[in-house]
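Letters A, B, C, D, E and F mark the chains in the order given here, with residues in each chain numbered from 1 onward.
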Amino acid sequence: MWVYEKKLQYPVNIKNTNPKLAKMIITQYGGPDGELGASLRYLSQRFSMPYPELKAILTDIGTEELGHLEMIGTIVYQLTKNLTPEEIEKQGFGDYFVDHTTGVFPTSASGTPYTASSMQVKGDPITDLHEDLAAEQKARSTYDNILRFCDDPDVKDAIKFLRAREVVHYQRFGEGLRLCTDKLDSKNFYEFNPAFDRKK
Amino acid sequence: MWVYEKKLQYPVNIKNTNPKLAKMIITQYGGPDGELGASLRYLSQRFSMPYPELKAILTDIGTEELGHLEMIGTIVYQLTKNLTPEEIEKQGFGDYFVDHTTGVFPTSASGTPYTASSMQVKGDPITDLHEDLAAEQKARSTYDNILRFCDDPDVKDAIKFLRAREVVHYQRFGEGLRLCTDKLDSKNFYEFNPAFDRKK
Amino acid sequence: MWVYEKKLQYPVNIKNTNPKLAKMIITQYGGPDGELGASLRYLSQRFSMPYPELKAILTDIGTEELGHLEMIGTIVYQLTKNLTPEEIEKQGFGDYFVDHTTGVFPTSASGTPYTASSMQVKGDPITDLHEDLAAEQKARSTYDNILRFCDDPDVKDAIKFLRAREVVHYQRFGEGLRLCTDKLDSKNFYEFNPAFDRKK
Amino acid sequence: MWVYEKKLQYPVNIKNTNPKLAKMIITQYGGPDGELGASLRYLSQRFSMPYPELKAILTDIGTEELGHLEMIGTIVYQLTKNLTPEEIEKQGFGDYFVDHTTGVFPTSASGTPYTASSMQVKGDPITDLHEDLAAEQKARSTYDNILRFCDDPDVKDAIKFLRAREVVHYQRFGEGLRLCTDKLDSKNFYEFNPAFDRKK
Amino acid sequence: MWVYEKKLQYPVNIKNTNPKLAKMIITQYGGPDGELGASLRYLSQRFSMPYPELKAILTDIGTEELGHLEMIGTIVYQLTKNLTPEEIEKQGFGDYFVDHTTGVFPTSASGTPYTASSMQVKGDPITDLHEDLAAEQKARSTYDNILRFCDDPDVKDAIKFLRAREVVHYQRFGEGLRLCTDKLDSKNFYEFNPAFDRKK
Amino acid sequence: MWVYEKKLQYPVNIKNTNPKLAKMIITQYGGPDGELGASLRYLSQRFSMPYPELKAILTDIGTEELGHLEMIGTIVYQLTKNLTPEEIEKQGFGDYFVDHTTGVFPTSASGTPYTASSMQVKGDPITDLHEDLAAEQKARSTYDNILRFCDDPDVKDAIKFLRAREVVHYQRFGEGLRLCTDKLDSKNFYEFNPAFDRKK
């Protein structure tokens, strides 16, 4: 279970609104490679992960991504505060606003509500770890793209922190994969799925 | 941010596997009225919720639902342990198994991956609280339906706990709604959205 | 069955086109809280609704929402008449136009085709009525948001009519819920689902 | 607008429950080629249909399909009445039941909630009529498939009625297409879209 | 199986970028009536098509549509080359860019990822051919709409080629339908599905 | 463009029908980790892949996966030939049959139509190659799971061939990733996206 600690993992204090940028950043809330998908992927995979060290990595990173989801929600919320209808219309935020006002809804930048189709839990440790390595690279690329549009140092600072964490997670999953293949038959570690086959 | 505490909110110790029941219960993991949707709905709504007391209720319940998600994942995982291919086929678990082995994937009972289309964040406190009251009733009904198929006391016990919590949450959201309408103009509290209009 | 009467429930006569506004209003045609979802929700719920008075309310309101769907379609169509490609491009209507020309397609403002994932039929009278109360509030909030962007009195007039009807429907569902709980055991009306359990 | 007449277009009186058959027939409620899609397709296309005769055909058939939707809902509801949990489980109805009890929800037989992605409104009369001809053939094929599993004369009778109506609709849309091409330049009727181009 | 030939079916050489136009044209890559859907529809239908001549038509056209998919991908890619962040933002390409940079992703113009819900394989030759006739008209209409926004002769030329091919395919499917009905009982060719019933 | 060669990449000759197995195997036609997704992923990624060697790998493997899609379609079709309604019902094939007869439709085993949400094109070579490595592992795991249910040597033989190819593809993408990182700054190859940044 989780306990809420009333602070962000890293502070977010944005002074200027920017709904156009908010619409891009929201993709890390509910888009295909965002923090919700990351957290849900890792916290779901850990049930069938057979090795305690790997279960721990999934729990740790999955929990941290929950905190990132909160940071992204905060960024989006602060970027859309005190807007007037004129600003909303001019900045292309109307399509989002009409359905959610300035509430934070899990959607991609192009307006597709979050779908778990964009993640996978395969119940095979090697495969799940590959899924995770790819997920971290996809999140990293999204942050790279967001940074291309950020002039505001307040936003830039938080996004850079999040991007750096994805690189660290990628490295940890890399170590996890090595740890996992070490435990399996070195000649062909695909022949046997320790999450399922050991149970027979 | 959240801190993980290595225990379940309520213990789950299932001795007998039952993949047919697992396929029904998984709907509370990733189905339309399940714990993922509940948690995501409340934790997303709180950004635009204008009153601190209500923000706190949303954070509390949203965090508790994360713990329920973990309980449901544990139930599903324990109900599908040590299966043989024969059991999987006989119990109608093959369609799930081929894509996820015995990993826990956020899906409805009928096999639709979780979609945020089944929840809403409207950025209007009265509306969001109505959404939440409905969500708790829908979760309660799903648990009612699950209980109609549970003979196993180990499963029944955990499901009854979860169902009881939904009723408590429903009551808390009811109090929240009263608290919210008290703060608004008593004659027509729909004329003004304190999450957006106060900002002008 | 239904009989078509060749008039709108309330007249719609818009003189000036405005594709940007049309793109927002279309969310009440096929978006998550729109008239199609409303109508489909109520007309589907009535099959399992055990009390004749409530079945009648669902049929009445569901039928009226069909008429609202027609009004919204008419508004969208009138707002996009006689456009030139230049206007379409300038007003951000191109993404819609390329797939539907100026036909009326059931989609949300952000371009997601209508999905029944955004509604629920739970087969439990108390739960279904809560779903309906929430639906009316969500529709009301959407109309509030649309009105923030309407300068045109022709559009405003029709949208205000539709918004007022949602408030009336909300009140009727509130009365329906009281009527429903009165018929159930007053101590714990969740223990028994009259749509299913009475049948035993 | 529509007026509800309290009778079915064709009587439905099913004496024996059959949840397995209900699960197949529900695809004509909310599946890809079902009555909801049919009705929504025709009632949406008529806004941009430039010729009054064709607008009238779309309104007529779209309204009749609403009545068919009601018939299908009635069939599904009658086929799932008075079930026990044992019957539900044995007949493979549990995956549906857990989320909807015996309420009627717009879904395909394989459990995907209705999506408007399965229909199109193209805003071009020739194209929309081709879409409609295909839709009628797809509905006809679905009824053919349902009939392969119907032994019960009560169900068979209603399904045969519905199938026969689809064939009639197909013929009417065929006449509509001839009527439409007659109005256009006989040499190349694709060069001009009377729903859009006439407006210039 | 397929062999790749390193050339486009028709040359594409676009000199000027235009991300706004790219966003419209991409709907023919992954949108509801695009080349991916066309190819997948025909190549899937051929398995159950009972007549060799029709199987051959489906294979031919399905294979050609794969080549069209490649052409559309090339057009989109060339239209988005060498963009600066400023151009991306100004031309409304940011929502796409943040998730895909300038990679080519199968999506509709309004941002919905490709879904097979927009096509059908019915396993009935007459029905499948009607689906195909409608598909060709829908693709034709989309190209008509794209052409309304094309000033650039390089783009226009390729799009006109693709549009002309859809008209040819429509005619071939028309001949296929005649061929198919000729083989069936002339009085009522719906009574018998040669893809299924002949097998008994 | 592609040229069709009238033979399968590897022969498929199944003598005995088995619709239950067909329903599992179809997930490799249109499921989340299937051959359609594989082919579409690689053939889409190659447009923005900056290095000719890698573009060639993507084209080669994407084209081969098209041939695998054809093999899977053939397997599914042969496994569902000459069925009677009784067999369809008994083997749980009715939900699929009612909408597609015995046509081959791109769906997952649990009945969700193919969606491109399950793949990604990120427009960043390192990220796209990680996506591809994960895709091959996911496909490999699905084939592992299918093999657990295959007694029929005719089916087993073809599935083993397909599984072996995924392992080869995984290795080729691994070499591709090395080749790619060699071309980038060895200290931090994430700082620069050669698919986008070189263009400035």
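The definition used in the following text is that a residue touches a chain if its C-beta (ideal position, glycine included) is under 8 Å from a C-beta of that chain, and two chains touch if they have at least 3 such contacts.
Everything quoted here is computed from the prediction, not taken from an experiment.
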item: Chain pair showing more contacts of the two, D-E and C-E; value: D-E
item: Most distant chain from chain B by Cα centroid; value: E
item: Centroid distance [mean C-alpha coordinates] between chain B and chain A, Å; value: 20
item: Centroid spacing, where centroids are CA-atom means, of chain B and chain F in whole angstrom; value: 34
item: Euclidean distance of C-alpha centroids - chain C vs chain F, Å; value: 40
item: Multi-chain contact residues (two or more partners), chain D; value: 32-33, 92, 99, 101, 107, 110-113, 115, 117, 120, 122-124, 141, 193
item: Pairwise touch network: line, ring, star, complete, or other; value: other
item: All pairs of touching chains, each written as two labels joined by a dash; value: A-B, A-C, A-E, A-F, B-C, B-D, B-F, C-D, C-E, D-E, D-F, E-F
item: Of chain F, residues touching chain E in the complex; value: 1-5, 7-9, 29-30, 36, 40, 43-45, 47-48, 59-60, 63, 66-67, 69-70, 73-74, 76-77, 81-84, 99-107, 113-117, 120-124, 128, 193, 195-196, 199-200
item: Interface residues, chain A side, partner chain F - complex; value: 32-33, 112, 115, 117-118, 120, 122-124, 126-127, 130-131, 133-134, 137-138, 140-142, 144, 167, 190, 193
item: Residue numbers on chain C that touch chain A, as the complex places them; value: 20, 23-24, 27, 31-33, 92, 108-112, 141-142, 145-146, 148-149
item: Contact set on chain D toward chain B in their complex; value: 85, 88-89, 92, 94-99, 101, 107, 110-113
